[in-house]
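Think of it as A, B, C and D in the order they're written, each chain with its own count starting at 1.
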Amino acid sequence: MFSVGLTHYLVLSAILFSLGLFGVVTRRNAILVLMGIELILNSANINFIAFSHYGKLNIDGQLAAVFVIILAAAEAAVALAIVLNIYKTFQTVNVDEINKLKE
Amino acid sequence: MELEFLNIGILSWITFLPIIGMIIVLILPKTNWNSIRWTSALFTGIQVILAVIIFINYNRTLPGVNDINSFQFVEKVNWITVQSFPWVGKIDIDYFVGIDGLSVAMVLLTALISFIAVFASWNIDKAVKGYFALLLLLDTGMMGVFVALDFFLFYVFWEVMLLPMYFLIGIWGGPRREYAAIKFFLYTLFGSVLMLLVMLALYFSVTYVDPQTGEKVHTFNMLLMMNPAHYEPNSLLAGLHTFWRYIAYIGLFIGFAIKVPIFPFHTWLPDAHVEAPTAISVILAGVLLKMGTYGLLRISYPMFPDAMVYFAVPLAILGFINIVYGAMVAMAQTDFKKLIAYSSISHMGIVILGMSALNTQGVTGAIMQMFNHGTITAMLFLIVGVIYDRAHTRGLNEFGGLANQMPKYTGVVTVAFFAALGLPGLSGFISEAFAFLGAFQVHRWITIASTLGIVLTAAYMLWTLQRVFLGTLPEKWKTLPDINGRELFTLVPLAIIVIILGIYPSPLIDLMNSSVNHLVEFVSNGAGMSMPKP
Amino acid sequence: MNQDLLVILSISNLLIPLLSFLILIFFGKRLPRGGDSIATTLLFIVLGSSFYVMFQKLMNFPDEAIQASFKWVSFGNVPFIGQLDIHLGIVLDNLSVIMLTVVAIVSSLVHLFSIGYMKDDVRYSRYFAFLGFFTFSMSVIVLTNNFFTMYVGWELVGISSYLLIGHWYEKKSASDAAIKAFIVNRIGDLGMFAGVMIIFFTFKTFSFDQIFNAISSGNIPMGSENWLTAAGILIFCGAIGKSAQFPLHVWLPDAMEGPTPVSALIHAATMVAAGVYLVARVFVMFTADALVFIAYIGAITAFISATIAIAQNDIKKVLAYSTISQLGYMIMGLGVGAYTAGFFHLTTHAMFKAGLFLGSGSVIHAMHHALHHQHDHQTDPQDIRNMGGLRQKMPVTFWTFLIFTLAISGVPFTSGFLSKDSILAGTLAFGNLTGHYLIPIIGFFVAGLTAFYMFRLVIITFLGEHKDNNRIVLIHESPAVMTIPLIIFAVLSFFAFYSLNPFDAAEGWIYKVLPRPDSVVPLASKAASSDVFNEALHHAHYPAMFLSLIIAGLGILFAYITYHWRKIDADKVAEKFKPVYQFLLNKWYFDELYGKIFVAGTHATTRILRWFDNNIIDGFVNNVGHWTVAITLGYKEQWKYKTLSSTVYLTVAIITSVLVTFFSASSLWPAASSIINYLFAIIIGIIAGSLTFFGFWAGAGGFDKYIVDGLVNGVAYLSGFFGLVFRKFQTGKIQTYLIFVLFGFIVLYFIFRFL
Amino acid sequence: MLQQIIDSVRIFQPEITLTLVACVVIILDLVFKNRPRMLAITLLIGFFITGYYLIQQMTGMTVSAFGNMFLIDPYSIFFRLLILLTSIFIVVFSLMSAELYNGKRKLGEYYVFITTATLGMFLMTGAGNLLMMYLAIELTSISSYILAGYKKEVPDSNEASLKYIIYGAVSSGMMLYGISIIYGLTGSLDFYNINTAFQTGEVNFLALVAANVLMIVGFGFKISAVPFHFWTPDVYEGAPITITAFLSVASKAAGFAIFMRYFFTAYYDPVTAALSGTLATLSGFDWNIIIAVISVATMTIGNFIALWQTNLKRLLAYSSIAHAGYMLMGVVVLSSEGVAAVLIYFAVYLFMNLGAFFIVMLIADKIGSEDIESYKGLGYKAPFMAVSLSIFLISLTGLPPTAGFIGKLYLFAALINHQWIWLAIIGVLNSVVSLYYYVKVFRNMFLRNIDEEHEQLKFNPIQVIITILLVAPTLILGLYFSPLVNLAQASVNILGLK
């Protein structure tokens, strides 16, 4: 009978992590970039929980996950606020067009 | 013997007087030019008096070099102490000054040249206050280099000079002043950072046992660095003729060579000289160049005798290149000041050649040449300044027949030029002769080749004399006034010194005799190998 | 009679002229008549005292050398050598006292003469000042007892001659001549200096006596006679320069640009004779080989200049070349070992040649005034072709001049006959002894030539008709101040002052007081000893005399035939042998040769080096300079300089080669290292350097293009390039940044992974 | 357990104070509208109280609070002092910054976030647990994101904050992923347990390397080391100068503190350390080599790009990157000397860098430009400020007799003593290069437009005093540095290391 093990979770989180990075570097829309970041954070969370559950380790991992979720929320809030501001000043959320500061 | 005033030794006074002067100058109102000038003159003047006092009281018999007890006017105050930790030993940096035969002549020279430089700067009319303040700061830096016996102190003074120099050239200089200034700054800094690394390497290789606590203390004390016994076994620079010692020597050498300057590090010099105001050229040529050679004598020789002997022949070859190459390039110049600049490259080559011999005549010749070149080149640059102030050009080919227009001036010029081309009876000749005599005993063929420089020098000097002073006077210079009292006052003392030392050099030689002999003996014994004989 | 007095007197002889120099140079302008009287008086005092010194010395201490010296410099207790002091001082032996007197005589009379000749000159007092300075420096040479002060005096007379030749420095030719004189002399001095270095290296002293003693005790440089010979020849180089010997004789004719009395004093009688004096002074340390070398140099010089003198038309040029030729005689005489004869000729020649010059001076003076009255500034007052028939107008000048001419041509009853004859005898003896017959042959031939060209000069100048009738009426005899010296010199050109027997100088007092000293060099390299030589000389004496008489007679005869009776047309002959004539007229093309090779060569080299210095050595820094400019002004265009990039490659190449040199060298050379190893190392370094350069060049060439096309605007190299490139990565696009983060992550991972 | 918490709270006073101050400021801001100066004063008072508690702790004690969550040792105290000092200066600067007070901006939050950022940094210096570390970093970062974008109406400021937050979030996300892997490998987030795990158990090397590189990404972002520096110039240029200064000193310091602490403690090898007397790392895991590479890249690239900058603020941004590179050299040598060198460097860096930014701010407020070209003739318009700026720049170059020289001296000394000679040579050559662009500023201030008429710029006495407060240490520490060095060397002992 097929049983889900630690490896599957790690692979999943790895995929999520890569997807997150991919999204971050490819999407032009600031919102989508932020979503990519969320993916990265959550991939880490999966790791934490998987390790603490399968690795017969202490509770730290799950604690970490909780903290990270909260923190991600805070970060997202700030980020969205900034994006709003950007939209106000630049009339766009396309991160490519926001490149006045360079060289 | 100690000379003290307010419990502060004479060397500290002579070094830091200009700083006091600088502060006063900074306090004075910006517009009151005369008071600013006279203050600077006053302080440098006192410096000269102190220098004379030193000259009189200096004990000619004490060798110094690596022996603390025979240094004179020593002041040693603990400056920085960092208590020790298990992972780093106690750190001691002393304010440690003193002079011996190697430095006393330089101290005199510095005082004299600075004093004259102040009067040469009389007609500066741009930001006068800043100018004299920087000049005095520079003065302290130079003096400090020559009296410091603690490597850290030495390095600090060495670097302190850079900035005033940068501004003095950069603000009061000629049309291409910015380029010249930055070039000077970068070159010298490049050299000195290498020196910094070597200094640190020495610092970690050298320890001495603190008499009170009995613990091992790292130190920047130069004299301790000269003693092989103080090198930690299996530290970076321990032993003789090791790879790292050679590298360290080369690092130091580059640092000093840039100051001298030795081919191929010389190209900052012509630009700096051409752009710098007269007084600054005088200081550059008169004192700054000597720091390089002084550094070699004071630091490279006693601390790396093995490497010094090992590299003696390359050093001599570099000296030869400097002499001949400098003279030849000088001959091709059409700018009066640039010509003088290259001539001083050529003359410093003689110093290098003399030092590379590492025997008494050679080194004595070298140090004398350092002093004499200081006075003679100072005269030459003052002379250029005089004509430039009047004609606002330095093109050799634009002049002619000034001898009739400005007879007094021409008289002084003749003395200076003859001194520069090594005419007997003037100081330049004696030092050249000794340097060559010394070098010939070790580097026979290189020396003989170098004597070619004598002819070349005569050629371009006389040619210049002809182009500027002989022949017929162009219409446009019919109105040039002859040299004035102030300018004469800057030139005549130097001329007198040049003549006196030319006829009877003993006053100068006696100062350095015992030190030079001691140095030669010390290095030859310390090298662990004899000078390469041809 | 104590020696100290003599010493004091001779030192005062040394210093009085210096005093006159100082007085005149500083106060000359304020003194009445430029202070000429002061200078002259002082010089006559010197004359008196030097006569006194000479007589006292020769009477009371004929065969001892009075020394007086002081410690000049002390090197203290030198490692590996011990106490090393340098003593300077004077020596009074027969040689020096006689020479001192000669100098005094000529100098004082020239002072006198100059009062007339230089009348209302622009720099009258300066002129006299320098005369004094010269006399001082000359006395230094004469009195010194060591090589160091000898060299000092050597340079000092050089500089005073420079100053006096360039007296009329408004004329470019004059200042050129002055420089030429000094430089050519310096070349000679180099040799001398090298010789002195060898001497000092070996003996750690400069004093003649100590050196000679050391040699005689067998201590010679590097322990080999060859080095001794070399030292001798090198020191002789000094003489070659000063005494205008081949190949450095080219400066003396040009030196005639100076005032004529100066030519008389410096370039005829004293300074140029200093070379001879030097040879006499150190005669004892010359090996046989060195002496032969000296002899040949003298002979060649005598011959070349005599031939040139024939073709010259400038009165002073003729005399100049005859001077060179006579100096060649003296050198030759010393070379062959006729020590006394050589020096003897120096003294006699000093008198009559000074006379000749002063005579020509008075002629030129007269001509000049005449031309001045005519307002004629084209005609050259020195060209003998414009003269002739001056005999009636200037009798004193003519007769004195004739006496000098007779003397120099070696006609009996003149001093010249005695000295010249003894030299010729010496050469003949030398020929017999060693088989070098070329030397006597040249000697006699030159004697004939001398007689010929001197009489040519006399005839063209004084006899016949003057070229221009309205000029001749304006010509007058010179004033007494000028004629009196002439007369004195003329008197001094008679045999009686030197030897009572007009046909044998050997009976004269000079031979008594100046016997040939014995060489100190090791036996192996010794020349024929005095008595052997004197024996030969004795045999050679009479043949030589007759031969020389005949030859001189022939010379004079030819001169008369050609230029007086016009049996032979000189111009026709010149036409016939045009190439030869041109060759002689142009002084064997020496100046052209040197000009082409050395002068032009040096200038070319200097220009090349200047270019090298500005573009290659400074190249790197220039880039830094442009770079800083670029930074401060934000000009990226600054970077488009293609020329600079190449210099950068060069710089890199040079740096590598230097490094490689040092490392290869450090691996190569043993502790006690020989120059070869360094050369080898340097070669390796250069090869490495050039390789780098080409690699760099090839690679970077493409690099350039790539950059210019692509990323950055024309930044070709160095950190500036990197700066711009990395700067370009800062696109301002956040995602590019993130990509770099990932990129960095990967790179670091692999670095770490495969550490 | 409870007892332990109580004890911990006692030694947690500084942080608690900061928290309280933050709350107080918020409340005050709500109560009195638009009284920014009052807020600032309150804040300063709070900071001084914090400082007082910090000084109290300077007994050389090394204790851990909340079960190794937070470590109090001389090392962290030194860093916290630096950070606090910086924050104080920043608040003072803010009081004088025209750009902040223009446009009637509400500054309550500004000051609050400065406080929270400071708190975050405090926690970073002392964090002994990966989770704690992460939270501290985020606290700092989020506050800084907002501060960077505080000039809401200015596009640059917005752009800066957007870039900052995206970049920061991504790199901290990657770091978090790394943390999770390490947690998986060692089963703990506590530095010391991690260390023991490594010492005993076998760990998968590849995973370890990957994880640590991910960590380095995070740290690299904080200390803006190449290639994770890209955000730095843009953010520094866009943000208000006060914040730029704050980030360039304080947050760098905090980053270094935690970075060194993590690597030194987690990979500490007591055995070899006992032998060699250095902070040896576990065999086969020479993380310092990577740091060497990074440091070379950082200083070189920082300097070389700085050569081309025309905006002084941006130039200083790049120079601060280069300085991070220098300091990394101190980490590379893996020894207390290195750590001491870094501490010393930070101490002097604080004064000189803050000073430079302060004067740039003042000048910008006067002449309305940060462009180097616009500094022409400044040396004659505002001699005092110009001279002070030159002193700071000289110090940044590292020439005696300024403090910067001492910083460099100790760095190179550490390198030489541990025979990292190639690194030392690269370092000194870089400092020569750096001279080029610093000199650019002197050149414009003193060498240009000398002759024309200059109307003097006026500065109020407080500004002058502040400048003096910054110049004085820069010069004095250059000539008499034993107190600083003694303090720094006393502060190198990290909890758990000998």
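As a convention for this text, contacts are C-beta pairs under 8 Å (C-beta built on N, C-alpha and C of every residue); 3 or more make two chains touch, one makes a residue touch a chain.
This is a predicted model, so every value here is computed, not measured.
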Most centrally placed chain, judged by C-alpha centres: B
Which of B-C and A-D has more C-beta pairs touching across its chains: B-C
Chain centre separation (chain B, chain C; CA means) in Å: 35
Separation of mean Cα positions, chain D and chain A [Å, integer]: 27
Chain C-chain D separation of Cα centroids, rounded to whole Å: 74
Interchain centroid distance [CA atoms averaged], chain B/chain D, Å: 43
Sites on chain B at which at least two other chains make contact: 178, 182, 186
Junction residues of chain A, two or more chains touched: 21, 24, 33, 95, 98-103
Touching two or more other chains - residues of chain D: 162-163, 166, 170, 174, 233-234, 308, 436, 439, 443
Which chain pairs touch, all of them: A-C, A-D, B-C, B-D, C-D
Chain B residues within the chain C interface of the complex: 178-179, 182-183, 186-187, 241, 246, 250, 263-264, 266-268, 310, 313-314, 317, 325, 328-329, 331-333, 359-361, 364, 401, 403-404, 418, 423-425, 429, 433, 436-437, 440-441, 445, 447-448, 451-452, 454-456, 458-459, 462-463, 466, 469-472, 504-506, 509-510, 513-514, 517, 520-521, 524, 529-530, 532-534
Contact footprint of chain A on chain C as seen in their complex: 727-728, 730-735, 738-739, 742
Chain C contact footprint on chain D (complex, rising order): 162-163, 166-167, 170-171, 174, 206, 209-210, 212-214, 216-217, 220, 226-228, 230-231, 233-234, 286-287, 289-290, 293-294, 300-301, 303-308, 310, 373, 433, 436-437, 439-440, 443-444
Residues of chain C defined as touching chain D within the complex: 627-628, 631-632, 634, 719-720, 722-724, 726-727, 729-730, 732, 734, 736-738, 740-741, 743-745, 747-749, 751-753, 755
Residues of chain D that touch chain A when the two form their complex: 131, 134-135, 138, 142, 145-146, 149, 152-156, 158-163, 165-166, 169-170, 173-174, 176-177, 179-181, 183-184, 187-189, 233-234, 237-238, 308
